[in-house]
Structures are given as C-alpha cells and as structure tokens.
Amino acid sequence: MPEKLKTNTPVEETEKVTPLQFLKKHVYDITSYMGLVLVAVLFVIFNSGPRFMFNLSSVIQTASVYAVIALGAVFVYSMGFMDVSIGQQVGVYVILMILIGNKVGGVPGVIVGFLAVLALALICGAINGAVAVWLGLPSIVTSLFLMFFFTGAQVLLMEGTGKNSIELEQAVRPEGRNEYSLMLIAIVIVLALIAAYFFKYTKLGKYTRAIGANETTAAQSGVNTIKWRVIAYMALGVCVALGSFVLLTRTGTAGKGSGSGYAMDVMICLILGGMPLSGGMKSKISAALVGPFTYVLLSNDLTTMGVDLNWINFVKALIFIAIVLLTCRKKDGVLPR
Amino acid sequence: MSKEQIIEIRHMCKNFGPTRALRDVDVSFYRGEIRGLVGENGSGKSTITSILAGMQKATSGEMFYKGQPWAPKTMVDAQRHGISMVLQEANTIPNCTVAENIFAGRFDEFSKLGIVNMKKVNEAAQQLLDSFGISHIKAADSINDYGFEDRKLVEIVRCVNDDTEVFVVDETTTALSLEGRQLLYKLIHKLKDNDKSVIFISHDMDEILEQCTDLTVLRDGEIKGNLTREEMDAPDAVKRIRYLMVGREIGEAYYREDYDSSHRPEVALELKNLTFGPIKDFSLTLHKGEIVGFGGLSGCGMHEIGRAAFGLEKLASGSVVREGKEIKTCLEAINSGIGYISKNRDTEALILAGPIADNIVLPSIPALSHASFISPKAEKKLSDGEIEGFRIKCNNGRQWVNTLSGGNKQKVSFSKWTAKDSDVIIMDCPTRGVDIGVKQFMYKVIADMKKEGKAIILISEELAELIGMVDKLIIMKDFEVTKEFTRSPDLKETDIIEYMI
Amino acid sequence: MKNVKRIFAIVLALSLVLALAACGGNNGPKKAKIGVGLYSDAGPAPDSTKAYLASLTEKLNVEFVYTTLTQTDEAANISKVQELIAANCDGIIITMDMGMEAILKECQEAGVYCAGYLCDFDTSYNNNYDNVFKNPYFLGTVADGGCGNELKRGYDFWDSLMEYNEAHPDDPVTHVSFTTFPAWAFPYQQEYVNQFIEKCDEYNKTAATPIVYDPFDESTDVLMFSPVDSTYFSKHADIDAVMCICAGEFVYGTMVSAGVDKTIKLFAAGYTEGDNANFGSRGNGTYQLELVCAPESITYPLVLLLNKINGVEFKDMPAEAERRSCTSFIINSDADMELFEKSIYLTNDPANALLTPDDVYNLTAFGNENATYAGLVEILNHMNIEDLAK
Amino acid sequence: MKILKKVFLSLLFPVLMFTAMLIITASNSKCYVNGDFIFLKFDLIRYVVLDACQTICVALAIHLQLKNGRFDFSTGAAMILSAIFAGNIGNMTGSPYIGFLVALVSAVVISCFTAVVYMNGRLPIIISTIGVTLLYESLTYLVFGGTGISVFYQDTRLSVFGRMPGIFVPAILAMLVFTFYDKMTVAGRRGKILANNQSAGVNIGINEYHNTITSYVFSGLIIGCASIIYLSQNRVNPQSGLSTSSVMFSYIVSVFMGRFIGLASNDVIGIGIAAVSMSILDYGLNCMNLGAGGWQQIIMGVFVMAFYTMSSQIGNIQKLFRKLTKKEA
C-alpha cells in the first residue's frame, strides 16, 4: 500500500455488540460446549458411586479412538469433504498390524506393523486427495471406492486367517487401567496440540479452510489446491493409522467387524462438536475433542440412566436433530442443499 | 404535461438487521417515462425495486399500484399484475430448454391436474420469442446452446409481455455488451412510447443521461433529489448528480490527470504468441510502470487474455514469461509476483464466508510462514495495514466479507495483492458495480501504482475508464486485436467504438 | 428447569430406594442387577429369554439390563460391556466369544462377574483357556448342541432324516446336501457334517435304496451369515433335502425365490419366526427338523452369578469354570411342533416356562441350602421336547 | 437409424457384461456341476429379474431426489421402516396386496416427514437426512415390538411381490411413477429448474416448499415399491448406527451407471439397463462362489469409480458423440 494514501480517516465506529447478538452469533459454539457440559454433569451425577473412576476410564478408552481420528478428520471436513472409508480402513489397519506384528514378533513387530499401516494410510490419503481431482470426481466417490475396497480387503484378510478373531502376541497396553487411561489421555493431548498447531498456525489449516470456503478463490490466491487436498487427506491418514493403533491397544485383537461404523461415528462426533459439514472458515479443531466426548458420554449417560436399549437410539436421534436444528438452521433465502 | 401516476410509495422503510436500507422513502412513478435510479452502492435503489417487484417485503410503509394498495407475494405475482424486473446477474437456468426458462413460473397455465403439456408450452414460448423479433432462438432448444447475450434476451422475454405495465431494469446493462444494450434500449423506449413505465437502475452515468427521461438520486436509503430531462441536459448535470449521490464535492481529479505515457525500460511481463481456444497468436510486452488497457465487448476475448496472463488458461502454444521464467499455472504467476483481480469478484476473488483479514493475507501466507509457523500478530499487522490504507469500512478484520458493500469488497480484493506487494497486477473489470466514491479511490490507487513502477493490465468494459487511465489501449473484437491507441487527451470514445463492433 | 426437576426426582427416587434397601433387612436375596448381552436385537430367542428373565425379577430380587453384542468386533463388545458396568450391573451374561480376555479384564477390574449363555466359548476354550476359564470372574457357560467331546448334533440330523423317511415311505429323501456357517465362527459344524456322513455311509452299506449326499464343498456350502447363493440349487441339482446345520432362514428364502420350497425339504438347526407355518405337513411342508435351545437354559449362568453376588457358593462348585451342554428341543414331527408352539419360546408367556421362579429360587445356594451344582447341571438335561409335554 | 444407434449404445454395456461373464465363468471349473454349465441356466434369468427389479426401485428413488439436487441419505432407512410397517400389517391381514398398499402409504408418509424436517428445519439436506435416518433406524426398534419382520418373505402367499411375475408390478410401477413425475408433472419440470438454478427458480415464482413435498410424495411411492420387494425377498431386521447407509451405497453404483448409460436414451432406461448389468455381474460372481465375499465388494468399488468417472466426463463424451454424428451427416 502506498504510504501517502494512508490517511487518518477513522474507521467507522465499532457497533456495540449486545449479549443477545453475541449469543446468536456463537450459538453453534455455545450449544456444543453446553452439550458437553450437560452430558458431563449427568455423567458425574449418575456415576458418583465407587465405579466412577472405572466408568471414567471406560469413557476415555472409547472416546480417545474417536478423538484421534476426528483430529485428523477436521482437516478433511474443513475442506467440505468427507471420508466414508474411515471405518473399513481402521478395520484393515488393525488386522494388518496384528498380522505383521505377529510375523515379525515383539515390539519391533508392532513398530514395523504400524509403519506399514502408516504408509498404506498415506497412500489412501493421496488417492482420496489427488485421484478425485485428476479424474474430476467428487471426493465422496473416491472414498466410496476405498470403502468398498477395504470392506472386501478386510473380509479377504480375515478369511485368509480362517479365524473369527486374531490376537497380537506382543502386549501393547499398560497392565493397569489407570496407567492405560493416562497413556490415552497423553496421546490425545499431544496429538490435539499438534493438530491445533497445524490447524491454527500453519498453511495446512489456513489453506484447508480457504479451500472449504471457496476453492476457486483459494486457487487464485496462490493455494496449490491439489497439493493441500492430498496433504489434508494424508493428515487424516496419519490419524486413522494412529487411531487404529489406539483401538488395537484396547483389545489386542481384531475381527471382521473391527472399525465398522467409525466413519459415521466420527461424522456425528464432529457435528456434535460444532463442525459445519460444508467446511470453511467456521471449522474448528475443538470440535474433534468436544464431539467425541459428548457422543460417548451421551451413550454412557443414557445407559446409566436406565433408558431402555430400544429407546436409546431414538433419544440419540432426537438429540442429534435438536442440536443440528439449533446450530445448522439457515435463516432465510432458498432451501439449503 | 401531467403524466398519469402508476405507482406510489409512501413512508417505506426496510431494515436488514441493524442496517437501515430504506428510511421513510416517498416516491412515485409515472406512465410514459423512463425513470433512472442512481446512487452509490447500498443507497437503496435495488431495495426499492425488489420490494416493488415482490422479491422481498418492506419493513414498513405502503405501496399503491394503479391506485390500489399493492403487496405482491412473489415476483411472479407481481409479474402477473404487470410489474416485471430483470436482474443484473445471469438468471437463466442451465440444462433446461428455452421454453422452460420462459414459462417455468407459469406452468400452471399449461397444465391439468398437475400434468403439464410441454407441447403447448413450447408453442407459446416460440410465439413470444417471435413477437420480440428474436426468432433465431428456438423454444425447444436447451438454453446451454445459447450464449450470454441470448440468455439475457430470454430473461427479458420472460419478464416482459403484453400485460407489463412497469418494467424494472436493475443494472442489467453492466452485464450486456453494446449490442445487447441497444436491444434493451429499443425495448424500453418502445414501452415508454406505449405509455408504460420503466425504472432503470445503472452505475453508468452516460447511459442514464442518454436513456432516461427522469432521474431520481438516492443516498443512504433516502431520496436526495429528482431531476427532469431539462435538468439532466444542463451542462453541470453530472457534477450535480455526483454531488447528490456522494453528498460532497468529488473534485476534478477523477481519472489520471497526467498524459505521460512513458514507462520504465524493464520488461515486467511478456506474452509470447499465445494461442488457446479461439485466440490465435497474441503477443504483448508489459513494462514496469506501464498501464496497458484492454477494451471491447464482453465476448471479445480480452477477459481470456487476462486469465491467460495469470496462468489460468491452458495454452495450445506460446508462453507467458516473467523475468525469464515461463509461467504455466496461477501458482507460478503468484509466486513470481503477479496478482489478478477477477471480474467474478464474489465467486473467484473473495472468500465471502470468511473474515476480511483472512482474505487479505491469503496470498501472502507463504511469506508470513517461518518454519511452518504463521504468526497471528504478523497476520493482523498486515491485514490491519491494508484495511486502514484502503479505508475498508468495517468493525475489524474479523468481520466477514459478505457483510461488506460491493465497493468495500472490491477494496479487499485489491488489498490482497498490495499486501503481497505484487509487481504485476491484472485487473479484470476492477470497478464493475462499484460506486463513484470508491471508483475515484481506486483510480488514485492505480495511478499511484504506476508511479511506484508496478505494471498493470486493466481490462474493462467501460471506455471512459480506459481512456482516463491507461498508457496503451488495445481494442479487441472477435478474439483479435483490431486497434491500439496510445494515451492522449484527444482520444474520444467515438474513435474507439468503431473498432469494437 | 426441566432438568433440575428431573435430577431432583432422580435424587428423591434414589434416596427412597436406599431407605427401602436399608429397612429391608436380610429376608430375601440381595438386590442385584444383571446385564445381558444378547447376540441379536430381535427374534424369538431374545424375546423369550427376556420374557423368561422378566418373570424371575421379583422372586430373585434382580433387575436385568440388555445390550446387543456383535460377532465380529471386539472393541464394540468391550464398549457394550463397559456400558453395562457403568449401568451398575453386578453380573453380566454374555453370548459372544469375541474379545473375552479383554472383557474379563474389565470385569475383574470392576468386580463384576461374567457367565456365558448360548455360546460354547470354543475359541477361548482352545486358545485362551488360562485367561478365560481360569479367570475367577468367569463362572462358566451353557450351550446347546454339546460342547467339546459331547458333540452329537450330526447324529440328530441323521436320526431325524430316518424318522422322516419312515413316516414317508412313498417319497423318501434319497439325496441331500449340506450348509454350515463358517468354521471360524462355529468350528464344530463341519464335525456335524462328518457325523452325518459317517452314519450315512454305514446305512448305505446295507440299505436297499442308498441315500446319496453331495460332498461338502467349502466354497458353496459355507454361508457367511447371509442367504445361500441363488446358484446353490443349480450346483446341487436333484437334491431332495438340505441338511442345514445353521439357521434355516438362510436357505429358505433362496428356496422360495428359486421355487423349490415345495420339492426340497429343509432340516435346520435354529428356529426363526414363522418357520412353523411351513413345518411338517403344514404350509409348503418345507421344514422337517428344527433344533432349538430352550431359553430356560439361561438359568445356569444366572444362578451362578446370583450365588456369587449373594456371597454364597455351592459346596460342589468346580474350581474352574465349566462349559455345560444342555439338551435341545429336537422337533421333527407335527406333534413336536404343537408342543413347541406352547413353549415360552413361541408364546413369550412365562407361565409356559419349564421352570417357575420358585424352581429357580430353589436352585440357588442362597434360596436353598441343599442346592448343589450337580442339581443345577441336571436341570440342563431336562430341556427336551418331551419335557414340554409335562 | 438414430433409434437403432440409441438401442445399440444402450445395449452395448449389458451385452459386453454378459459376454465377459460368459467367458470368465466358462473358463472357471467351479461353474460346472456334473459337467453342466450353470451360468447359462434359467437361474440366470430368474436371478437377474429378481435382483434387477429391486435395484431399479431403490436406484430410482435415490435418483429422483438426486435429480432434484438433493442427496437423500435416508432412502435406505425409509425403505426398511416402511417395509417393517408393510410386513407386519400384511402379515396380520394375510394379504400381500394390503402389504403393498401399506408399503406405499407408509413410505409416502415417511418421505413427507423427511421433507417436512428438511424444509421447516431449513437444514442442509445431508444433515437433515442423516438426522431422520437416525430417527427412522431407532423407530425400527420401537414399532411392532422392535423385531423387524421375518415371516413375510417366508410365506409364499405373502411374498408374491418378491417373485416372478408379481415382482414386475412394483418394478414397473416405480418406473411409471418416475417417468410420470419427471416428464409430465409440473412438479417434475420445476424440480429440474430448481436443481439447476435454485434461486432463479424461486425468483420466477416456483414454490420450493410445494415442489419439495411433491417430489417426496413421488419418491415415497418409489421407496414403497422398493420396500415391498425387499420385504418379499429378505428378512427385515431393525437397524442402527446408520447401517442403512450401506443399502444406499450398494445401490448407488446403479444410479451412477444408469445416468451414464441413460445418456443414449433416458434415465429410467439407463438405470434399468444398469440394474440388469449389475445383476448379471452378481450372478456370474455367484457362479464362481465369489458372490458374498470380499471380491464382490472390491469389484463394486471399481464400478463406482469407473462409472462416476465416465459420467463426470459426460460433457466430453457428449462432444465426442456429436462429432461422430456430424461426421456421418
């Protein structure tokens, strides 16, 4: 900007923001945080007995897998894309880690297994990110392809073993339950810090949000969209591989159905956490932490409150609809698509 | 001569949230007139007409149409009663037939029990097209087969029929070439002669002065003045209108004042024998401190040249070279210091659903990034500097771009490249849909850029702007260069037009 | 506001319960909550199991919570068990051998006992005996059709076929094929086929009209818990009957769409709602055998759990957890089916159950000082179709 | 001449598929039983008809909303839920016709509910349909004792719409309903306009609410057809955790493929042909004992990708077609 053009013209008076306007503007954030607080309070109330610590660590065990994957998924969702193959990828990765781990043996086996899976996850990320662009496909189609592919691969792999369930010989989790919880919390916190850094303070986060908000504009402003799409999907890949490992630590085993439903669960988690499915500038990394814990605590609360098993899904559906009505409702104009 | 009043608006107010778009407006429209509506962006011109035509509802106030209270439910409702409106943006529906485009809102007239008779629809549509004298458009064809001009004509056909009493043209001409404009002018004059009423909104002062019989000026949601034809013909009319619009003296300095067409010797950008699409073998050398302008009708290929220079077009042969390096993608272009202001501001140049600051710093992110870290402080410093420098009206950099007016939006898309400190800036219609105050500001920015040694390509459909700003003017027609002019005080629009059509 | 009210109500209810529990003295068994992880959401077996358990709640002072386990996802099962523990269950009944080691670790940690029902825990038995069956929190399991060395289901099929041929001398079954679930899920089904073949070979040595069987083909005859291929009946041309070691529904649907439901007979293990309409001489007369496990067999894990929860023990309680077989209903005539239709399995009426709440109470160590483990095991041998007649 | 060409182009794919499967199965030893080649048996026709009819109905229901610019995630759940209603009531009354009627009515009611939630909630379509999918799935546990319905398809008197010739009734009805909506009704024409330029459509006076609800009535009818076939061929289990989305995804292959094949004729014929082709493929895989395993999934995945790629390149392919026709002229 040429220096002499800078004048002292005052920028227009800042409008006063009333509390109500603030509430309206941040209804999304507030709802998701309030939701978490509510389910957490209910959790404390209904679990105040001797099993409190036990139940808390159960919640941590379940939610940490979701959280790890969701932290990666935020990058993809902030571009307005989604990946429906996450669940099947997790299934195949867990099986592969066990097969490779057992073949090589010991701790090195686990490491080799994890690295192999990580490589595979990165390749899938590249397919999801790049192939869709090259072939002119919506990203959902490549992820559908991967979903079918990995469903098949999981079945074939398990049939190859001739067993219902395979087990990793090397122990991968601390014996004590509390130590295990601490390990999971540590993983989630470290990963969340890394993800938050990349999301807030690096090109990755800024570019994925820009792509989600307007891909053409991003491209014309110097964003190599293909490259960053691939990187974002690879970031998800890393997190899916990590999430698979965390899942593996829970049981040390895997089966035909391992990981099933994770793609949808992660999506619901992110929505509950306040992530807009269309991506863009309203995307936020906190959704990946708030969502999973809300989701798991909610399930837990409903069971402990003694809601009939058949009614739990109904209640969950109503809560989901209520939250999206509060947060995603479009006020005027044409019907949203 | 007393004309019959057809529409009367009393005490109309319209609020968009805290923004007051219309403040207690009283205005009347008469038969047999072409009423121009002018005002800066956000002054309320389109708000009045869109309420009149049923697109939205007023917050308060009354309307009377032919003496009766008037409250249209939808645009079609208004159209059935004789008030039609053509909008600025392309409003045809792709992948549908011409007939469907024309009659989609009125299928009920051709259907029984919800079953529509497409044969009848096609016949009626063709009849209508013929009656407008545009028989070359066939009702049963897909709209995709027709170009931009023809589509606009289809839109006009959709709006205007025998029952049309009031015809609103909302900045339609900005999107039209000269040919299209002529057709539209003919139509509104015919309507006027048939004792109908026309309301004409435009940013183009010359057009307004030429075509309108009356003029109403708005500012900040209030009527600031009415001019008759006689007053419009007065020698200082333009100055007076501008004063009414802006509310202060514009001053003489509007375009560049100097006629020095020199530039620095260094070459900033070279287009070598570009061949792509219909464009064959185009070459251009742009120097530092030079403004090269492109003029022509909208389909003449000048926009494509701008895109090609920014690496957005796939070249069949030839090359774009900057500082010895060939530029093949827009990424390379940006990295080598080229900036591009797209004419499709809202869809290509800006992230509407995002903060101003993020828009401004987006091209500069690689420069801000140190070992992957991008400091929020540095970002804020950069964006605040631009917001201040460009006097972008906003609360702060976190405000979203879609809350800004057109002119301020355009300032944001300018500031992206000044923040990046690009040396070559390609501007495609930089002042389209921007009001006078902002325009004046932009021209000053461009002139200062030249002085700083930036190289500029200015593509525009407004000849006056080109004549006023550029060192070298290239006129194109049918994808070929027809004439080049150099900067001179004697250059007149009439000299140029013949090379355009 | 509503929530405050709700919380208030819950607190009130809780304190009432506590007060009642305190005043209740030690007259009856301790209030217990048992989580039941069933293998399916719906169907006659889960429904009748729930109906049976519901009838016991009052007498045994026990409350039941249900969840559904999966056959393929260990992590999901653990989460379900954790939810049951979170719901304050004192004991858990499990129907799936999937991730048992990890599940038992959870149970141990929370001090919750675990026992099996309708599942032989074969994978754990063979591969993980020490961690599962020796785990003090695993109390044992009951399954129908025999466990380990007591296998005899293949013979049941053969006997049933013989019975059918005797009853229909004009139109005997002379050509059969097999279907089973995959070995990874049900390792003994292949063994049942071999048992059948062994009997058949023996029979054919002497019989006037031998019974032909299509050799068992892994790729055609193993069903992945989905209906049999449409090409099955092309691949097994000319058969008179299918020996369906798995649930009949996976074959019947394809039979109907292939139009062979009237010509080919179906001998099936595992009853599905509606099978009775086409059983024996009814309807299309497709089904000729059904093997069903009585829901009352859940008494075995239930009693073991309640003993532990009440802190009592049978004197003859074995040191390590056992897996016990229970007899199944072998239904292979119209008369059998009529009896079966009156059972709790189809009526969901606890009045039709083989055991009354008092019977069950007397089987427990706290309800009856003289009750023994042997006695509990003994009742598992009295869940035949004949017992329904009594 | 033009018609012949259209017929040729339309039939090209199924014929290729058939030939390919014929060659593959003929060279596979598993496809011979006692020297009998099982691929070329009456089973083939029966399987293809039964399978294709089901596919056509679901694919048309998905396509109808897709054509209106809406990806309705809840189609699978709506089908399962209406099948449970239809199955239980059909079973109680003992009449497949009443079952069919209930299927149609309940599917329309459910679809309209989806539309109401979408319109009044003013939520993005994918979010609102995920919401109602969760709701419908949870309802499958709550209606009729939460046991789904298993007796319907087992009873040959009830399952007439799951076999030949009864299966043609819902399948043809679905095609007629789709064609009627798409080509003849005001709503269908307007839906096309809204799909292509929503705000322009609204501006020229199309009532979006009215249009949306009408489109859902029609897609509801088609879902009803799909559910009576599904119900007559399968045990219907209660569902949870968005498991019904797998129903959607497995039929979406035929939608993508059908849109591509339909370029030569129209959508309905295209989807019909695509359904037949996929059924031939499935049957061939069944013959080789690959029908239910992992390979089938992988092949499906490849088809999804291949056909979407082709249909996304439709513009280029159409240009190619035009070039070819011009040369001939």
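To keep things simple, chains are lettered A, B, C and D as they appear, and every chain counts its residues starting from 1.
The criterion applied here is as follows: a contact is a pair of C-beta atoms (placed from the backbone, for glycine too) under 8 Å apart; a residue touches a chain by one contact, two chains touch by 3 or more.
Here the structure is a predicted model, which is why all the values come from computation and not from measurement.
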{"item": "Common touching chains of subunit C and subunit B", "value": "A, D"}
{"item": "Top chain pair, ranked by how many C-beta pairs fall in contact", "value": "A-D"}
{"item": "Reference subunit B; chain at largest CA-centroid distance", "value": "C"}
{"item": "Intercentroid distance (Cα basis), subunit B paired with subunit A, Å", "value": "43"}
{"item": "Euclidean distance of C-alpha centroids - subunit A vs subunit D, Å", "value": "31"}
{"item": "Chain centre separation in whole Å, for subunit C relative to subunit A (CA means)", "value": "38"}
{"item": "Centre-of-Cα separation between subunit D and subunit C, whole angstrom", "value": "37"}
{"item": "Contacts with two or more other chains, residues of subunit D listed in rising order", "value": "141, 146, 240, 293"}
{"item": "Residues of subunit C engaged with two or more neighbouring chains", "value": "41, 224"}
{"item": "Chain-chain contacts as defined at top", "value": "A-B, A-C, A-D, B-D, C-D"}
{"item": "Complex interface listing, subunit C residues touching subunit D", "value": "41-43, 47, 219-220, 224, 226-227, 229-231, 233-237, 249, 252-253, 256-259, 261, 272-275, 277-278, 283-284"}
{"item": "In the complex with subunit D, residue positions of subunit B that touch it", "value": "55, 74-77, 79, 87, 91-96, 100-101, 104-108, 111, 114-116, 118, 158"}
{"item": "Subunit C to subunit A touching residues, read off their complex", "value": "3, 7, 10, 41, 65-68, 70-76, 78-79, 82-88, 97-99, 101-102, 106, 109-110, 123, 127, 183-185, 224"}
{"item": "Complex contact set, residues of subunit A against subunit C", "value": "38, 45, 47, 49, 51, 54-55, 58, 61-62, 65, 155, 158-159, 161-165, 167, 177, 247, 250-261, 299-300, 303-304, 306, 309-310"}
{"item": "Contacting residues of subunit D [partner subunit C, same complex]", "value": "30, 33-34, 36, 38, 41, 43, 46-47, 50, 141, 145-148, 150-151, 153-156, 159, 162-163, 233-235, 237-238, 240, 283, 286-287, 289, 291-293"}
